[in-house]
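The following pair of complexes shares a single chain, subunit A, combined with subunit B in the former and subunit C in the latter.
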Partner chain A sequence: MKSSKLLKSFESYGYVYLFWLIVFFLIPVLAILTYSFLTRDFQGGVRLQFSLKGYRDILNTTYLTVFLRTVFISLISSTLSIFVAIPVAYYIAYSRFKNFLLLLVIIPFWTNSLIRIYAWIFILGNNGLINQTLLRLGIIESYIKFMYNNFAVVLVLLYTYLPFAILPLYSSIERLEKQIFEAALDLGCTKRQVFFKVLLPNIKQGIISAFVFVFIPAIGTYAVPELVGGKSSRLIGNEIARQLTTAKNWPAAAAISSVLLVITIVAVLIFMYGGEKRETR
Partner chain B sequence: MPGSSVTIRNVDKYYDDFHVLKNIDLEIKENEFFSILGPSGCGKTTLLRIIAGFEDVDSGDVLLDGKSILQLPPNKRPVNTIFQNYALFPHLTVYENIAFPLRLKKFSEKEIEEKVGWLLNLVRLEEHAKKKPSQLSGGQKQRVSLARALANEPKVLLLDEPVSALDAKLRQELLIELDNLHDKVGITFVYVTHDQSEAISVSDHVAVMNNGVIVQYGTPYEIYESPANSFVATFIGESNLMKGEVTEVLSESYVKVEFPTLGEIICYRDKPVKEKDWVLVTLRPEKIRITHSKPNISDYSTTNIVHGVVDETIYMGYQTKYFVRTDEGYILKVYKQHVSYLLDEKIIQWKDEVFLYWNPDDSYIVEVEED
Partner chain C sequence: MKPGNFSKIVLLFTLLFFYIPIVVLVIFSFNSSKSPEWTGFSLRWYYQLFTSSNHIWRTFVNSLIVGISASLFSVIIGTLGAISMYLGSEKFKKLMWTTTYIPFIVPDIIIGVSLLIFFTTVHLKLSLFTIFLAHVTFSIPYTMMIILTRLQDFDKSIIEAAYDLGAARFTTLRKVIIPIAFPGVVAAFFMAFTLSIDDFVITFFVAGPGSTTLPLQIFSMVRFGISPVINAISTLLLVGTIFISIFLRRYVRYII
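Moving on to the complex of A and B:
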């Protein structure tokens, strides 16, 4: 009796959350979808008249390029982040100082992300830390251009979203008994085989989560390409902002957002379904 | 599958400043069931991990059939380990867990099927072949890990507290099963445990370890009946451990010892003692007989008798534990096995006056104190 009462009170919390999601997530998303089918008002905003012009405005090679670049950069960043995160997560999971190390992973979130992105300018810039050091040491004779290109965007995306990859991987590695790696060695595995035949298959779900957790924010990123990207590294987020502000084309902005939403949903479904299928084999 | 002999030669091991293993020398014969017994932290698991190849030694050597294996990594040693927490691969079914070492060795699908089938039968898990480890009980998991290790055809099987995580009844069952398995596969088993009853019930030989040294090596019988020192006497089985002074050397095997709270007792010795030596004597509680009336014994010079009052009784079903306070004030543990409890002439109860008697052979001198 008592436990069912407790459950009831949890249920009511659920309704609060549901209400929150409807008001602040579902309704805005529906509003964006609606805006994408309305007519542009040149002062900004929309007029209540059905139109497909928003979609027609973005149906050209320029936008296709930006879309493809965004997906490509997001895929690269999420893949790289997994390569970096697996060894880090493994180390943390079996470390004596795991609580402290987890704290270190989370600490960056305590600082405003704009400031953290800005900090990279001081590291990568022409007068930045790396260039200055290399110049002083005489290793290079003129600046290397690290900034304002796709390299900088991928690097900073990787930096920004790495914790999102480390945490799910950590929790899936931490669940594993460390002894299974010794058992694998004992049964004849080389160290390579321990990694591919024992570690990887056991953390598959963690890898999928990590991938999705990095891919989703990366594909919608705005600040990173704005601050460290160049002309040739504008991403979808920047285009949405431009349509909304300088171009004052709200239906086009809404149309890009809607397409982005569809791409994200499809991508996530592919990752999840792909994982499920291999699971049952 | 014939097993190998294992020789541990002068092995020393440090963790930082902590001397875990101190000059360990051990000879494990081929195909025997060998136990390493000791309290936690005595170094027994470290020794096992050294044989498996998970730990290095600081000095000394480990030989298999007379050849050093220290240079071989774990995956090259003809040795497999059974872990206390089973260490099954969670992503694989029971079948695939057992097939794992065979697939590494590139056996054909047909060979794998044959061999895994045989092993599943050996550990009686045929109907669980398709389950994942998470769907099995502890005992079943350990049987899978046994089958998986045996699939690799090791010369030596190392078992690191394999039944400790199970409840008492299951522990007994699996232990008997291990013993049967050992008879069937006929390879060398090295069994590490802190549980003395496990070690003495299944082993051919036992090494008792404490603080990084082997304090006694022998058959289970030798270790129980003639413990090398007071540690072994109290660690293995239960014991009344008493300290007294030798008053008279009776013969090559017997001396009289005066105990401050027990009086003069005839004790057995297999080590040199002289008058006025202080000695530690062990007396197993089950070796003492307890009666209401003074026993009718023909020769009092060959039997020890003391008189006392029952201070406490603990009825255990199959036996009763009595704590008897002797006239001089010493409390002796006495365990009486019930052959036919209700038919025993008169049940001994709390506060009853009783006589205790035992054969002098059973009061055994374990240690002679150095002056």
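Moving on to the complex of A and C:
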């Protein structure tokens, strides 16, 4: 009995961890919510006076468009990632060169995201490799604008976050008993049926994780649209930064962040709940 | 069911998609001209990076200072957290899980903004110290989970046994738990270091004047346009990344 008391006495070790996350994560997030209801100080910061102006400032069609665009672009990026990641993860899980292929996915995963963004600017930018080459060969008169639009944002988001989708899908496919597929085929399933009725339901948890792992960083992205997006592809992240820095409207920045937080949490709950429900059926 | 040709083709294109931009980037770091048109092999951009780019190296030193100190701290806090979760009661575990999961579903930009607001409210001047606090905050859920996964490979009864055989609480910690956790601790350190040295968006909000880190420096250079010096920096960072990836590969199961 005394040993179980010993185990419990180790609980106090976790207090530092809990304390740190409460002080530097939970309280700051609550501070955002509070700031969104305060009065703007034009020097930056807020004055301690209740106000709904932060929300009123963002309640217009411009911001509605930005919010819808951000959600849309994040959904597209996460859906495309899943479509690509399932066959890739499946192939790797069965490959004889599993470890090597996995390493090839992990290297971009660990590569600095700014470098990965820069790589595309270097290739597709106005003064980039393709434009310079075409200009030199005399194929075009002036540069073609490949970048600075929504397409470029989705392309680079996909490039940046695809490994986030492949890795969880790989680990859930890897865990499967491989014989279930043979069993299904032996029992007369077509390959298509095996895919939809055996593979997909069994890797559902991996699909949900992959979706969330791409969706969350995509919806909060700042660097990607800032560097490869154009005027018509500004996302929530850019607006938050603009309100904080140049516009010095902190309540508005806090209000945008609060709405973003709510959207993210609702989206994650929908993915998870949707997944759970299908399981019970 | 063996993967068909379709999976193979998708994999091939994915790898090309991943690596063509990186390889192009590396090749052109050795280009002699400033514009992206190949004019011949040269090491001049590396020469420029190593001899006349003091401002870039200063930001790199800042990144190292924050990276090493934040990783050390988050490994200590993460280890203590993992031990408490490994041995604590079910109710306590539940509390720890909730606290650990929530930061994962909050986008980085919100963590950055919230810390900026928090530091401003408590009148903490933005500096390397605030970056350090921010990096410890986003690293500890990862370090805790990596170390916990390692601990969970072992049966708790060996700790009870150590105690029953007369080891004091601290001795049990030092002679049994820490040695078991150690490989996880090392992996967690590298993970935290990589997260710290790579982070852009959170650092962007909590950095003050004079506390620029390498990613912030790269960001402002990239915004300014294409420069072969960025290609050279990227190549060097890639070499580091490949080494870390090979090392962390062994622990990938702890990370996903």
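Keep in mind that, in the parts below, the second predicted complex is superposed on the first by the 245 of 281 C-alpha atoms of A that agree within 3 Å, B and C clash if a C-alpha of one lies under 4 Å from a C-alpha of the other, contacts with A are read in each partner's own complex, and residues count from 1 in each chain.
In this text, a residue touches a chain if its C-beta (ideal position, glycine included) is under 8 Å from a C-beta of that chain, and two chains touch if they have at least 3 such contacts.
Source: prediction; values computed, not measured.
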{"item": "Three-chain arrangement built on subunit A, subunit B and subunit C clash or fit", "value": "fit"}
{"item": "Partner chain in contact with A:Glu177 - subunit B first, subunit C second, else both or neither", "value": "first"}
{"item": "First (subunit B), second (subunit C), both or neither touched by A:Phe122", "value": "second"}
{"item": "Which superposed partner A:Lys231 touches (first subunit B, second subunit C, both, neither)", "value": "neither"}
{"item": "Which superposed partner A:Arg96 touches (first subunit B, second subunit C, both, neither)", "value": "neither"}
{"item": "First (subunit B), second (subunit C), both or neither touched by A:Ser257", "value": "second"}
{"item": "Superposed model, subunit A: greater residue contact from subunit B or subunit C", "value": "C"}
{"item": "Touched partner set for A:Asp186, first subunit B, second subunit C, both or neither", "value": "first"}
{"item": "Which superposed partner A:Pro201 touches (first subunit B, second subunit C, both, neither)", "value": "first"}
{"item": "Computed vertex angle (subunit A) for partners subunit B and subunit C, CA, steps of 10°", "value": "80"}
{"item": "Nearest-approach distance, in Å, of subunit C Cα atoms to those of subunit B in the combined model", "value": "9"}
{"item": "Touching both subunit B and subunit C, residues of subunit A", "value": "182, 185"}
{"item": "Contact footprint of subunit A on subunit C as seen in their complex", "value": "1-4, 6-8, 10-11, 14-15, 17-19, 21-22, 24-25, 28, 35-37, 77-78, 80-81, 83-89, 92, 95-96, 99-100, 102-111, 113-118, 120-121, 133-134, 136-137, 140-141, 144, 156, 159-160, 163-164, 169, 172, 194, 197-198, 200-201, 204-205, 215, 218-219, 222-223, 225-226, 230-231, 234, 237-238, 241-242, 244-246, 248-249, 252-253, 255-256"}
{"item": "Contacting residues of subunit A [partner subunit B, same complex]", "value": "176-177, 179-180, 182-190, 193, 197-198, 201-202, 204"}
{"item": "List of subunit A residues in touch with subunit C within their complex", "value": "2-4, 6-18, 20-22, 24-29, 31-32, 35, 45, 84, 87-88, 90-92, 94-95, 99, 101-123, 125, 127-129, 132-133, 136, 159, 162-163, 166-168, 171, 181-182, 185, 191, 194, 212, 216-217, 219-223, 226-227, 237, 240-241, 244, 250, 253-254, 257, 260-261, 264-265, 268"}
{"item": "Parts of subunit B lying in touch with subunit A, wherever the complex brings them together", "value": "52-54, 73-75, 79-81, 83, 85, 87-91, 100-101, 104-105, 145, 148-149, 152"}
